[in-house]
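Both complexes shown next keep chain A, but they swap its partner, so chain B is in the first and chain C is in the second.
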Partner chain A sequence: MNENLSLFDAKESKKIERKRRMKDFLAAGSTYLFSSFSLLALIAILVFVFSKGWNTLSAAFIVGDYNATLTSVTTNQAITETTNTFTYQAKDGEYFAENWGLAFTDSTTTEGNPIVRLSYVDPYSNTTSWIDSNTGEAFRPKVGEMITVVTLCDSPAENEIKIVSGNKGAENMAANFRKYNFVKNMTANVGGGGIRGSLISTLWMILFTLLFALPLGIGGAIYLGVYAKNNVITRTLRNAIDMISGIPSIIFGLVGGIVFLPIAAGSGSSGNLITGSLTMACMILPIIIKSTEESIRAIPLRQSQASLALGASQTQTVFKIILPNALPGILTSALLGVGRVIGESAALVYTSGTAIKDVIIPTQGSATLAVHIWTLMSGETMNYGASCAVSILILFVILLLSLTVKLLSLSVQKKQKGK
Partner chain B sequence: MDSLKSEQNESMQTIFAIRHLNLYYGKKQALHDINVDLYEHCVTALIGPSGCGKSTFLRCLNRMNDLIDDCKIDGQILYHGTDVQSVNPILLRTKVGMVFQQPNPFPMSIYDNICYGPRCQGVRNRTHLNELVERSLREAALWDEVKDRLKTNGMALSGGQQQRLCIARALAMSPEVLLMDEPTSALDPISTKKIEELVMSLKERYTIIIVTHNLQQAARIADYTSFFLLGDLVETNKTETLFSRPSNEKTERYITGRFG
Partner chain C sequence: MVVLGFIIVRGLKPFFHSYRETLADGSLAEGTASFSYFWSGIRYNNRFDFETHHYLYGIGHLIVNSLILNLYTIILAVPTSVLTALFISKIAPKPLALILKSGVDLLSAIPSVIFGVFGMGVIVPLIRAWARAWGAKSASGVSLLSGAIVLTLMVIPTVISVSVTALDGVHKEQMEGSLALGASRTQTNFKICLRAAKSGIFAGIILGVGRALGEATAISMVCGSPIQGITWNPFAPTVTLTSEMLLAIGEAVPGSMNYDIRFSAGMVLMLLILMTNVILNDVKNHLSEVNPPPFFIARIGKVMKKGTLAVISSFRKSWQKHKAEKEKKQ
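Take a look at the complex of A and B:
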């Protein structure tokens, strides 16, 4: 009685209204706060990755070799003379040769040997007559290139010749370049740092993973969605599949390493693309089964009933009615799986190797893009530039994939609503 | 009554003979000891209140109940004297076609919808399929409306057209029997009338067993009518007899609208 009355009591109801508004405000406020946190995190990631990686990203970076190639350089008229003097604010660890406009730093090769790298090349540096003796084309030295050995001399008459090796350090190299005005010839490690190999091994990885996972996953989904009776075994199976998708990927890596590596014995202890993709297939199997089964269940029962009532067998119904209708779901699951493969590193470190290669052979170990980052960052010096450049690529592909998935599900919804 | 029975037996061939049919969904019994004969080239209507087992009974005739996990059947359903439980359900369903309450064309062209059944049986010959499509659509009184757009999606037709497409699709199998579960309950009066006319024209070539909630419809189109109540088959009779002089008091109460 009292409660009913209070609803009509103006003062009381105002109070209740105020309280309700307060609660609404708090709830809405915290919702916005928390969601803005996640937005902030996303923006932070993008800003960091783009600021660090954008400069490194280039066509040469994407299609280039990771390992530098040895190039020998000769000069146009046997010898180049430098006449200008250049200025450059050398940073810590950099040694500048003013007469050449070149700066050097100490570095290591991908094999870990000491080497001298060019860290600065003046835009007007007098190296115009340098010639790549393999191709016969002009050779313009670039930042990052490694000097293996160089022959310097005092004059075109070659009265005094000095051979400087790249493993003697940057300080020594710069001092000798300063001293001599002529370069007779040079051997340089050119290029390198590119990700073409890792890109290709990622593509192989995707292909093999889908090849293993799609037939198994679709088969499993058809079994669960069409044939399986609703009993204890089926329910246990479903729960198991749900649980698999929650297992951390590093555990997949460990178990994959133990189970699949012996199969690929002979290809080295770190596995190859096949063992890696077998592991990845196990990881994405639950995604494919779940998404496909869901889309099979979404097909109206009356469709398969109509088919069976027309004298079609269960198998004919599966292939003619159920699978074509479930195709968008299958495609979605495949795309989600591809996203997982592209982004995965932990499971692959033990199963397909961490070595970055330029020539990709599926029966040998090689790093995918995500593992490429792992390798770059686990060296002595962390290569943030290249890692972030790879990250930009990965983020871009993942974004594309999720957009495609969105569009797919939208078009399916439209189709279901429209008809 | 006796004279009527002998008259039936002389002129009509029994196509389905149901003997002591009991059906259980799990522990729940949905049909109790059903005994009935269904005659060739007749329209038999099944009437009764909702949940009395009409659809369940209909699904027994082409073994669609097989698809329900915990459905158990005992008794005999004799089709031309053979128990349907002993024949291949796929073969049975090519002879006993079915049309559902909701029009359910496949999301493919009108042409492919009609060819679906024959193709599943391995018919590939193009000219044969073309003939089949035209014949079935004509029989289902849909040919004139769709003959220019056989390639359009079956889902794009109106509800009434979709239902006639489903009938044509079933007829393409050249079945002997057509089971129809409330085929007009989702349709407007004009489409309903078209389908009723269609049913009456089809009975010369096919045997039709139709579930309906519309007593007028049963009275209009059916030769025989069976009245179900709570899983029991209360009465089967010639339609005029059942509606004018029902032999069971429950039937009378139902058709005069006093319960159900």
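Take a look at the complex of A and C:
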């Protein structure tokens, strides 16, 4: 009887053991599964952004104007000789006009509309007589230029004309160029789609934001770290600073729109770079205050006491001993703030406008890089190539910044350990 | 506080200030925004009511949609981030945990516009394909679900990092005690560590919800822009408070009704975030403490009760004094 019972127990316990193992395996497996999810998401974002944007990213893209310049081209003489001395090698998707020495390809504008681009211009192409009708200077077509519309005919005296629009495709364009020997009028789009303006306005924004936020932040941190006593006011202040860092950016945008717009830009305006950077300064103030205060507190007390004992006043101690020693913290906070400014969009939509501009004046509204992406994506047609290319830039800078911050904090830790 | 005051003043302006505007059909409108329709209406930019001279802007559906979107986000984000935090803190070998941790840090550094672009380029087509496979109707993939997924990606770094800190703080003796009692490693992790770090994890979730409620740019990209209505359908497009505030801001003229009503919506958003935080904090306190403080509403009720009682008693006292003086005089 006794034996039987123990046998039964062993069986049962084995069963329970197996069941528990199974459960454990599933539970542990679920943690593996879910934690791979966040890593996968990160990789997916990086892969997507790079695969879409890498081709668009080029020097011309970075330094180019956003708005294309329209050029009207006209000629005064038709092609006289059609000598085939062109050194053109046929490519897929390109259509060559043998009489002109030009090749065309299908493309899209920055807004995503179909357009024909010049994909090849022969060194001996019959375009020597082309002139810019506005300036009267010679117009030499270049690869990459977009042809909006062109009026073609056989000779200058001919009345029968053919108007070819750039959105009808490259094949049609090349066929018509082949047929006719005289360009009566042509509208070409040069450049466009570049981000130089947004880049510069981002730099302005960073500069102004740091200019506004650093003195205020460092001052606040010195007060909280050195002078403030632990009383109700200080505690309320700390709570308020904590609360500010939890406020979403769109609310900052609204506040900036309410408070700073009437002061710095006048009512009725949709903001400029200065109002935008004032708003951003409010957003990064908590970061700067906290990080700087932490580094002030990390300074050994004996250092400032030694300074005081040597006869320096409290103010002298603050500016000559405490601030230089807190420099890594200040630098860290400034870098974090820069990262925030580069990535911010919702607040700036309200306070610095959404218009993408080429000529940047700080007292006028213009989009930063993040707002540039937002404007590109919120239009009728989305431009993934350009927005992903801008994203690559932003990601690169932000990764660089966070890496620098990590290295800085590591070096500070080492220093403290050394002491 | 000053900022809050500014928002309230500006947010209330559309209900008191009279706006003169030319409508799309050419007729001239002049009046204030309707306060009752503002809360109850389910169509954002409805019309101008010529009988009562009110602009009818409704945000009732926006509030509910924001909450629904957050509910979906919480459902997706909480298991993901808590399990990931557990993995990083307790299960993973050190190098793997380091990689994951820096990955999560990187994820939190990515600005929200890029999440929006990613959502448009990857998640929205995926949802579209999924909806087609299931035979569900979807507006080319811009939907509640895509918004929730993008929000999840944005929220999990916050929740994970706070939860990891909480899990790292679990006492070793507690875990060793569990192990000594014969519980397996996994049982200890799930039944002891998670329970011990409960309040920290909840704090992370509160932070994450705050971030999710305030997120605007990415949501306005991936959630679509239906004109009206509340939706529970994950494949249907939805519009939230924040995305409505950003919608067509480029065309809104500063100083017009269309521009100023956004500030009212912002005020409501702040109230919403505050209230959600308060409620979640209460829930957290109730879950984590043995003798939890009473719920916020109960606290408010108590304070109000105390206050009214005090006022009543002071009135009664002064009345009695008055009476006594009167009697003395007589």
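A few notes on this one:
Here is the rule we use: the second predicted complex is superposed on the first by the 270 of 419 C-alpha atoms of A that agree within 3 Å, B and C clash if a C-alpha of one lies under 4 Å from a C-alpha of the other, contacts with A are read in each partner's own complex, and residues count from 1 in each chain.
Everything that follows uses one rule, which is that contacts are C-beta pairs under 8 Å (C-beta built on N, C-alpha and C of every residue); 3 or more make two chains touch, one makes a residue touch a chain.
It should be emphasised that the depicted structure is a prediction, and the values quoted were computed from it without experimental measurement.
Touch criterion not met for A:359: it reaches neither chain B nor chain C.
Look at A:306: by the touch rule set out above, it reaches chain B but stays clear of chain C. Applying the stated contact rule after C-alpha superposition, one finds that A:378 touches chain C and leaves chain B untouched. When the shared chain is aligned, chain B comes close enough to touch A:230, but chain C does not.
Touch criterion met: A:20 reaches chain C, while chain B stays clear of it. Residue by residue along chain A, chain B and chain C are tallied for touches, and C comes out ahead. Contacts of A:138 after superposition: neither chain B nor chain C is touched.
Taken together, the chain A residues at the contact with chain C in this complex read 20, 23-25, 27-28, 30-35, 37-39, 41-42, 44-45, 48-49, 52, 240, 246-251, 254-255, 257-259, 261, 267-270, 339, 342-346, 349-350, 354-355, 370, 373-375, 377-378, 382, 384, 387-388, 391, 394-395, 398-399, 402.
Only residues 62, 64, 67, 69, 90-91, 93-94, 97-98, 100, 102, 104-107, 116-117, 120-121, 153, 155-156, 166, 169-170, 173 of chain B touch chain A when the two sit together in their complex. Considering their complex, residues 1, 3, 6-7, 10, 79-81, 83-84, 86-88, 91-92, 99-100, 103-107, 109-118, 120-122, 153, 156-157, 160, 184-187, 189-190, 207, 210-211, 213-217, 220-221, 242, 245-246, 249-250, 254-255, 262-263, 266, 269-270, 273 of chain C touch chain A. For chain A in complex with chain B, the touching residues are 229-230, 300, 302-303, 305-313, 316, 320-321, 325, 419.
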